[in-house]
Amino acid sequence: MKVLSFGEMLLRLKTPGNERIIQAQAFEATYGGAEANVAVSLALLGNEVSYLSKLPNNPLGQGAKSTLRKYGVDTSELLIGGDRLGIYFFEKGASVRSTNVVYDRAYSAFSQVERNEFDWPTIFKDVDYFYFSGITPAISSDLEQAVLDACEYCKQQGIPVVCDLNYRAKMWSPEQAQKVISKIMNYVTICIAHDEDFEATLGIKAFDGDSSRGIEQKESFKAAMKQVQTDYPNCKMVASILRNIYSVESSQWTALLLKDGTFHETAAYDMHVMEGVAAGDAFGAGLLHGLLHDYPTDKLVKFALAASVLKLTVTGDLNLVSDAEINQVMETTGGSRLAR
Amino acid sequence: MKVLSFGEMLLRLKTPGNERIIQAQAFEATYGGAEANVAVSLALLGNEVSYLSKLPNNPLGQGAKSTLRKYGVDTSELLIGGDRLGIYFFEKGASVRSTNVVYDRAYSAFSQVERNEFDWPTIFKDVDYFYFSGITPAISSDLEQAVLDACEYCKQQGIPVVCDLNYRAKMWSPEQAQKVISKIMNYVTICIAHDEDFEATLGIKAFDGDSSRGIEQKESFKAAMKQVQTDYPNCKMVASILRNIYSVESSQWTALLLKDGTFHETAAYDMHVMEGVAAGDAFGAGLLHGLLHDYPTDKLVKFALAASVLKLTVTGDLNLVSDAEINQVMETTGGSRLAR
Amino acid sequence: MKVLSFGEMLLRLKTPGNERIIQAQAFEATYGGAEANVAVSLALLGNEVSYLSKLPNNPLGQGAKSTLRKYGVDTSELLIGGDRLGIYFFEKGASVRSTNVVYDRAYSAFSQVERNEFDWPTIFKDVDYFYFSGITPAISSDLEQAVLDACEYCKQQGIPVVCDLNYRAKMWSPEQAQKVISKIMNYVTICIAHDEDFEATLGIKAFDGDSSRGIEQKESFKAAMKQVQTDYPNCKMVASILRNIYSVESSQWTALLLKDGTFHETAAYDMHVMEGVAAGDAFGAGLLHGLLHDYPTDKLVKFALAASVLKLTVTGDLNLVSDAEINQVMETTGGSRLAR
Amino acid sequence: MKVLSFGEMLLRLKTPGNERIIQAQAFEATYGGAEANVAVSLALLGNEVSYLSKLPNNPLGQGAKSTLRKYGVDTSELLIGGDRLGIYFFEKGASVRSTNVVYDRAYSAFSQVERNEFDWPTIFKDVDYFYFSGITPAISSDLEQAVLDACEYCKQQGIPVVCDLNYRAKMWSPEQAQKVISKIMNYVTICIAHDEDFEATLGIKAFDGDSSRGIEQKESFKAAMKQVQTDYPNCKMVASILRNIYSVESSQWTALLLKDGTFHETAAYDMHVMEGVAAGDAFGAGLLHGLLHDYPTDKLVKFALAASVLKLTVTGDLNLVSDAEINQVMETTGGSRLAR
Amino acid sequence: MKVLSFGEMLLRLKTPGNERIIQAQAFEATYGGAEANVAVSLALLGNEVSYLSKLPNNPLGQGAKSTLRKYGVDTSELLIGGDRLGIYFFEKGASVRSTNVVYDRAYSAFSQVERNEFDWPTIFKDVDYFYFSGITPAISSDLEQAVLDACEYCKQQGIPVVCDLNYRAKMWSPEQAQKVISKIMNYVTICIAHDEDFEATLGIKAFDGDSSRGIEQKESFKAAMKQVQTDYPNCKMVASILRNIYSVESSQWTALLLKDGTFHETAAYDMHVMEGVAAGDAFGAGLLHGLLHDYPTDKLVKFALAASVLKLTVTGDLNLVSDAEINQVMETTGGSRLAR
Amino acid sequence: MKVLSFGEMLLRLKTPGNERIIQAQAFEATYGGAEANVAVSLALLGNEVSYLSKLPNNPLGQGAKSTLRKYGVDTSELLIGGDRLGIYFFEKGASVRSTNVVYDRAYSAFSQVERNEFDWPTIFKDVDYFYFSGITPAISSDLEQAVLDACEYCKQQGIPVVCDLNYRAKMWSPEQAQKVISKIMNYVTICIAHDEDFEATLGIKAFDGDSSRGIEQKESFKAAMKQVQTDYPNCKMVASILRNIYSVESSQWTALLLKDGTFHETAAYDMHVMEGVAAGDAFGAGLLHGLLHDYPTDKLVKFALAASVLKLTVTGDLNLVSDAEINQVMETTGGSRLAR
């Protein structure tokens, strides 16, 4: 069983600790990106996964590629070329000060890729699941087309399409997003959507009120999830994380999965958040891992959420945790003890 | 509109993370001091502000001056000379272990300044507000006199005097402080006082009981604030932060402002504190910024408190935040979300 | 009054911040070990204490010895020789991800020591208390014998024996532990046992249910403590920390001490935990310090617990705090304030 | 006397020590750029200098601006806007491995500036010298035009134009450079050219043979310098550093200045190079400083070279040295001693 | 064309900068080992290479494996199991103070491997060259036997055997080494030997006098190299680096290769050494790369030496350089210039 | 055999790498001081040594004391009290840029000590050698008197007095120094003087010409050394390091010792200097170690110089080397090889 993940990888430059960018004299350098994060998670969990993107042929492109290889992702389909690797500067917030991201991703090698550089029949050889997030089509119109080409190919071949809607307000407006995503959703078999994704990319309201109180609005989320399947009957499964966010460090996490008309729901985790990025990618990877291993639906969403909350305890974009650790968190009822 | 801020700038040497001084093999070096912090905040918020102090003509004095310039403070009035820059060693506490400061500020260039080195008419040219804290007169009798000289000049020129009482037990006793501050208060137009400042510098009790439960003693604080105006009728405004302190990391913050017989009160922030210093200076700067921009009194105290709690999320003495960020915190009702 | 502490010292290699070992490009290096930690605490509190172990004659052994000397521990009884210093890799957890330890301590110089290398009459000259933990006899059968030899000598000389049972599941099984510890307990005057120590090393159940909710099971603990004295009448005092553990960062701490049929109990501390290791050693050292200074029993356990919770705020194995700081924590009713 | 310096400022991201980019987990962040470096040097030497560029309105643009202010450069003429700050990644070589730069400067705010954004009469108010390097016109055709506009304005106003030809092979070809530089040279009063600049930007050969043995080819350089003045009679002064380069760490430095038909030559420095960038900018700044203070021609070139070699001992793009230190190096005949 | 490299991988813990171990509060962590270094070099140069070893199933074993994957080495033949990863502590010398290594490699997973764990026919499938160094058989008698088994299999299959004699005095005595190596040499097709390797492992004197003046004793080396082929007629090629060592930082490097009775000799490099380890491994990898690409013999040894001296400029055990960089160093006659 | 070393210990704050103070965001913290450095060296070499000074009772004073204990110095005679620990900021030079020290040592606890705080008969109990440097009497007149008191006591008791003249231009003028040192020299048995010490403290010219070319002026040094014994007949031995200094990194070192009318001279070391401080202290400690072990005079000066040049390879004030390493450097004729 093999997954293909398709998206952009960026150099992440994070200030040390909680420093602001203006006071930083150094940046911690790691590599990540929604679809790369999913690929690495799947590889770390022992799955076969190939990552498709375009990286420049310079030390930073090599750094990105090395990171994928380090964790066991197949990089043989990567396109090499173009001018630059996209960058994002990352400033971890604290308490009432939000975490902030400064994108410097325009004109990256991947953003300049042309639709016809992708030879889908070759790329999809032996692939059993196709994964991408809403970021990929937001990057350029060629990538929007490429995503649609890939989806069409998957439809023909019966390869399930998994999409995390992943709305990014700094990349496109809700109007732009909805126009594109509504086309893509016709191909999507499994849809992952969190928070503002419903409204921004699908025009479906999931929040009645305060967007930082998702768990309190579970019924509203359920309605939105049902609406997704009504609007896009090809979509067999909708999954979503719900959160109450109290501060940068403190939040509560739960998840919902809708399949065959039934909602599967997890218990809630009270989290002390060390770094609040890429938890959605970890959720998607957990879901895919469960699908690849035929987990019962209840376990599927529990495993995905446990993977997701573990990411909140790991620095960097990548969810460097093991299957055993995810299972341990799934089963935890109380606090964790030092093992020695 | 221009502010003059008058005080001492120190080299701050902080152990990495939460290390104790005895285990530190390095110190993080930044520069700060109550009045310099206020000046930097005002400059970052777009105001014109000049800082008056005396710095030694060595690389450390230059480091202090460069810090001021970096953030846009006018340094043309600085006196250069003397032997050393004062230092304070800073050890961040955790949970039940208090944050600790080791002062090494005696014999600094500023502490050796003579009263007659200040040419007030030149210094106060184009100045609209005068700011200092209770630390400045605590440093030496020449500085006590210099503060009084400056206040007298302000009185003549109609320049409002803003003073944060800022009691420092490691610098003087309540007896010494009260003797000096009572003279100064006759000139103060706007008085900022927190926690033990009321009792230590003015002899007015603000706490009935446990000093770590300020919010629970709001009535007692209100009485103290009224007493200030009774004792010093020249004081048109009294502002104060009230806190419940649960641990080094966890506290609740609110603020009171008394003007024209009316108390203006803010909502409370539940804070996860990253670094608990210079929040009072951030409050003072927020207040001054509001005064410079004729904020309504309600907004004045809200803005000041939002600036203050933001400081708790920034490392170093300087409140490196923007107007937009302060406004965002003022309006926040729930948790903050990552913007990307 | 002099204490002898007998055990193994390791090089601790910790990843920076909360990094996982697989992402670490550096390790912070410190030295520690249960009995060395107790020795350092006692020295820092002003007591005379000698540490007995075996260290290799290489830069790492010298590093361990230097650490002891730095904080004032007498190292004149140390054996020097053997091949390597034991190591443990330390990965600090976060929220739902447990702190983890990778032991690399096999074949250390101390583990290869022979029973007859210890000349007990010389070693115990002027010693008033003998301290070791359950780790020491777990290391090798020679060390099991050496501990028994030392205990027998203490019995002859009337030197009280203080033992922290300190069960380590990565070192031996409950069956192995119980076989050895039951012999040793016949010599123990003061027994310290936490959490799973009761069941794993003595076969006495202290938990009825969830092991992360110790405080909620106080009665069950009390019964276990009584059972210890019933089984081992030579044991005059049993002391134990009870914890409710909510997450890696958050837990509640209290302590019980049983002496002359009476339980002495402390108030509870709500802790934000910076680093959750060696708090048991800090407790033991606090207890010993109180014994050396004839503290009343109530103060004894309060002082020990205050020392213990302070350790949770200090990085590294060593509890680098002063007598004054422990006393301050003992007396704290509310939050702590910055002293400046 | 005031200088205007016109060019681009970049974020420099350097690997720690001599690490290669592919092994870096962090980058040291500083800000620089040829013309900004010259501006900072002039400010540190006590001169009035304004820097003209365009910086984006984001934390990185603010970081660049803050750096200028920190060291006393006037930033009031800076344009603020555009999308991104240019970046260069910097990998320090060692021995036979060359230092390497990865440019990521395309599409920067400055590269997108339009010719008509510059209001030259306002910008040149009170300016006595105009400085730029060959990098500025290499960035875009609008900047080529802007440079020519500025030069034309200087010609009209009699403001001397100082240009360091500063050829960058990664930015343009010799053909492209020569076409542009030949136009600009008609306005240049003082021309600085090193190494391959003569041939690449002017088509004048300065090297007979091995380009790493400049000092051995002094006569060839002299002929090239004369040819410059023959080709561009408006050019009153030509200055050049000559180097023998033995390895990344080891080189020999001397300088030539041609004025009024006479060559002024310095003694040679045998340098242990700590960081081999921006030494040419330091030379240009030294020259300008000398011009601003009417140094005799001999002293002019000696001072410039001393400033230049000092830069080889300072990390970062900026030559953080004082007038006194440059003078000390000028006068040094032997080794330097620790002053204490 | 594929290479199999067989040996042990260690965790290298280096003090920061030139710190001594006793003053280190941190260690930089990388992974390496002679045969792993060769494998990584070959992969970075674009060759197919598989690495055979045994790594423990813990985070450190995973770190070692990840490092191999990161740089493109095939890890599918790795054995996983055993208790610990070997460690070496590394202290970089300076000037007259030698670089020092503290081995802590005993009882590693690889050292405990059993001869019969290796299934040579499977392992050698599609392998064209077999590489190991003299360290592998020095580790244990099972590994001595395994090496001989592998050699025997290679002999049967006509796979050339490349061995770097790599004597380690801290692992075995000359007597022990000679007994084993003399057996192995009967299978070796290409022998690499430096410095004391000739005498310690083969009993052939290469030095007449001062071992730090190898280049001055070239004739003596040539005689030794001839003697190798006389003693072991199966050895078709002998290659050796010769060095004059002036200090930790300064040495001169040249190389000799003997084939078909002819000596091929390189020019000499005067090196400023940044880190003097693993240069021999880089030489071996360069040689193998040349063999895989049928380089003429002259180019073979020049390429290998250029690869080797480049390693002296790279920190860590791995020679992170490209084909292009090695070629540039091969062709360099003078100093290197910054490329920008 | 026991040594007493008497002087001041400072906190040294060094910028990372070769950074200038104005660019430093951190300082590396170590503790040192001429006489403390000598004490630590002696302890590391296995000698009994006690250090006499006064340290403040705060975390920095405790840090200084801990450093002494760490390396085995007896701290039982230390006075504890006073206000602050002296500090020096340290900026490592490079090539032509000198290393620089910013003293911030005024008003330290030791500088405020009173003559009568020292109880010499108790302090000198069991002491066989008394060591101090010219820095101690330069600090205050009370310390000048204390040194004379101690010398007088030594004279009475027949304890040899070893003094390193150690002139510090930032502490006193030659006139002031000569007045004091001439009194002290009457008691000195063994005098160590380098570089400008002869002229500045004794008024004896040792340099005919360029002070950076000491070795070239050996005869002049010899004459000066003889003159010392002529002027102060009590002085039985004069020892001196002679250096040619080529740059911060490069210098040549040799030493002279005059005893019984005979000069003992060492070979010269060509040094690559990593950190050029405290080498004189290492020389003094080497001399004392040789005296304590009755080395023949030739070996005495060779050992002292080898210890001294080794210090140039160690960061921090302390010469963290072993007896074996010093002996190895004494015997080295060529370059050093990596031991593994």
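As written, the chain order gives the labels A, B, C, D, E and F, with residue 1 at the start of each chain.
As a working rule, a contact is a pair of C-beta atoms (placed from the backbone, for glycine too) under 8 Å apart; a residue touches a chain by one contact, two chains touch by 3 or more.
Because the structure is predicted, anything quoted here is derived from the model rather than measured.
A.B. asks: Touching subunit C and subunit F alike: which chains?
C.D. replies: Looking at subunit F and subunit C together, the chains touching each of them are B, E.
A.B. asks: Using the average of all C-alpha atoms in each chain as its centre, how far is it in Å between subunit B and subunit F?
C.D. replies: The answer is 45 Å.
A.B. asks: What's the distance between the Cα centroids of subunit C and subunit D, rounded to whole Å?
C.D. replies: 62
A.B. asks: Can you list the residues of subunit E that touch 2 or more other chains?
C.D. replies: Only 20, 22, 25, 66 qualify.
A.B. asks: Can you work out from the touch definition every pair of chains that touches here?
C.D. replies: The list of touching pairs comes to A-B, A-C, A-D, A-E, B-C, B-D, B-F, C-E, C-F, D-E, D-F, E-F.
A.B. asks: Which part of subunit B faces subunit C closely enough to touch in the complex?
C.D. replies: Going through subunit B, the ones touching subunit C are 17-20, 22-23, 88, 93-101, 103, 168-170, 195, 210-213, 244-251, 276-277.
A.B. asks: Quick check on the complex: what are the subunit D residues that touch subunit F?
C.D. replies: Going through subunit D, the ones touching subunit F are 269-274, 309-310, 312-316, 320-321, 325, 328-329, 332-340.
A.B. asks: Under the touch definition given earlier, write down the residues of subunit F that touch subunit C in their complex.
C.D. replies: 66-67, 69-72
A.B. asks: Once bound in the complex, which stretches of subunit C touch subunit E?
C.D. replies: 13, 20-22, 24-30, 58-60, 62-63, 66, 83-84, 87, 89, 91, 102, 104, 106-107
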